[in-house]
């Protein structure tokens, strides 16, 4: 009898925790939906126009959206260009000096708080360029996304059984040619997942772009000029007393959530599970 | 034949070298910047609670208070994340009907996909007012009047970490060989008894999840900056506002140039943060690898 | 299956938006329909990036959109961040201009001069620092009366509750609640803070010796657990609005929805901050040469705690920090001149002023305009 009571209590407690998680997630998504949807439904003007003046009309997130898309695109390409080969090295040359050092390097970058990355890029890029820019922001985001791409490529390549490599070698294919002609095509899914993971990280980060992107919300001026992103817009506008700016921030939240979910669903479809 | 191989290898090696260079650049840039304040203050930088930038002369910078805040948020957020994850995993595996399992699965997936700034905004607009209205601040000597506090930050960060932590624990739980589960069922073990045994078998993974979460909680900036209250306070009580190293950097770096020594101090704080993050994550990863290699046994 | 098609459709849609926006950005300046434009030669688009004080931020943003309508090629972006950030960014060369509530201190002024061959500190607007509060029990139209001395005592921690006799005797007509006073201050390096603490130092010698003035100070109430920090003027306004029984200080433009204190000036009147009361205090604003080291002139001290009838005690000009023309590219120098000329002429007219700001006295505007020409930033007409 007592056992049954204890079991019931545990059942309740764990159910409550699960409910808490469900509740929190729903509340976040619902808040974003309720507050952000009216703003989003303004349609094209929300996506194209700049924000209105403080205390005025709501306007839109056009320039920040452009900033987000540009920086995420560059960051995805850069982190893939570096992360995929690095992942290959980590998987295929495991044990060599280069690979061992690279393994530590990737770990270090992964553990760096994202604000630290922004700080370093500020010192190394923004100050010499004499201006914050979308480029600097993209560089920060690439660094943050890089370890995830490399790790994913390494894991998915490592999962291919040794047999395939042995077969290729016995047929006379040299090592690195094997990788590119055989292993990567076999593992296209893993590579695609890696690229998407990189994208997702870049999309969601705020701290790396805090000091590097600038605060240009009125228009998108070009890659080497001050810019902004959706996450920056949310960060800056959320705590202001202007009703229209707060509503705009919620609209940006909803937009960001939608974009994120889109990337996450694509990742899941390819990988079977979202690994963070 | 030879040439094409060399080219491919060269490409891969170059990319790897660039990655290594990036990591080196981070450490080097921080170290060079930090040298100023560390040379002047040495250990006093880590131990002193006094943070007084000055426009006129080289100020005195002690990060003891933000370090305590970082620890407080890290420990509390990890505790929340692990507690919720373990409870959720037990519930999903031992008690939950299929529909509920799917719903929770979707909720976890959605949470994993959310950017941290969304969590932060939700924390500021929904959680902080709740903490304030519940009067939790009055439980503390210097309780937060706005609801922004260590607890608020830890709660939101903990929620943010839960999907990842629970995926680690869940994977380990699933990886236990079915024979054990069969045996438990055949012995007539009830839900909580099965859970107790199986959790004991995946202890290592839970520890790994805890350490990995701690590493991420320590480095989290956006959520904390919006919910912790940005105060130089010793948060012995969780409902008080405080600073973490990352919220300190976020709020002070913008005007650092005006105050001699501030840039150096913030870089040193960043270096400290990096070291702490690296140490805990490396430890967690090592335990996780060992756990996976052993097949999820305790 | 259906979700997959939806996902693909969404991805295609997003890609289309992305391409469209990239195309727009390649054009760099989305065209804005011009209403009444003075005839001018075609200009390459220029962006002027500024950061700094949130005190004048609303006004600068308003001017930016007005200027955009008149000169579509000129974009002014202002990122705020506090006076400290603005001066910091300015000295590091990552912005074109900075907004600052206080002049550069002498050592920084000399640094700027050697970096840029000269620096101009141009007063652009007048504002006041309002003391705001959130006391739900008080009737909405009422302005709580305080003196500078009582305010200092509150902030030193000597007055703990709203219904303290020292506050009550100044406000005989209302019932104050027995609640502890919570104080919201700036967490960032702020010129508004410097103006406010300079005022407190002027009216209270105890404040001057215990705390002093500065862009960031150690607030005694923090140690007592009754002080919190918020980011920027907007942050403080929002914090006071959402925290009952709190007290804070913000630029006049940020007082919407908050209770505003009527502060006693040296003539003995309790004055509510407004465009008019700020202008009355600023009648004493001396003429300045923007190329000078303004920190030596103590302009602020002269304006604070004014004894002029109807003048608001915490009034301050806000400055634009601009490099010497040789430090800019010709396009940027021309853009800077256009913007500054607007700010000092039409920008000072009432219809172009945002609520809560007061224009500079006319003689000062003239003097500044000729100073711009002398400095070589603007060619003489």
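Which chain is which? They are A, B and C, in the order written, and residues in each are numbered from 1.
Basically, a contact is a pair of C-beta atoms (placed from the backbone, for glycine too) under 8 Å apart; a residue touches a chain by one contact, two chains touch by 3 or more.
Note that the structure is predicted; figures quoted are calculated from it, not measured.
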Chain pair whose interface holds the most contacting C-beta pairs: A-B
Maximum centroid distance from subunit B, chain identifier (CA atoms): C
Interchain centroid distance [CA atoms averaged], subunit A/subunit B, Å: 17
Interchain centroid distance [CA atoms averaged], subunit A/subunit C, Å: 35
For subunit C, residues that touch 2 or more chains besides their own: 81, 92, 230-231
Junction residues of subunit A - those touching two or more other chains: 239
Multi-chain contact residues (two or more partners), subunit B: 254
Touch list for subunit A against partner subunit B, complex: 3-4, 6-7, 10-11, 13-18, 20-22, 24-29, 31-32, 81-86, 88-89, 98-99, 101-102, 104-117, 119-120, 122-124, 143, 146, 150, 174-177, 179-180, 200, 203-207, 210-211, 231, 234-235, 238-239, 249-250, 253, 256-257, 260-261, 263-264, 268, 273-276
Residues of subunit B touching subunit C in the complex: 52-53, 55, 129, 132, 141-146, 148, 229-233, 240-241, 251-252, 254-259
Subunit C partner contacts - residues on subunit A that touch it in the complex: 47-48, 53-55, 62, 65-66, 69-70, 73, 126-127, 130-132, 214-222, 225-226, 236, 239-242, 259, 262, 265-266, 269
List of subunit C residues in touch with subunit A within their complex: 3-4, 7, 10-11, 14, 17-18, 21-22, 24-25, 28-30, 45, 47, 49, 51, 58, 61-62, 64-65, 68, 75, 77-81, 92-95, 230-232, 234-235, 237-238, 241, 254, 256-257
Subunit C residues within the subunit B interface of the complex: 81-85, 87-89, 91-92, 105, 108, 182, 187-189, 214-216, 218, 222, 224-231, 239, 242-243, 245-246
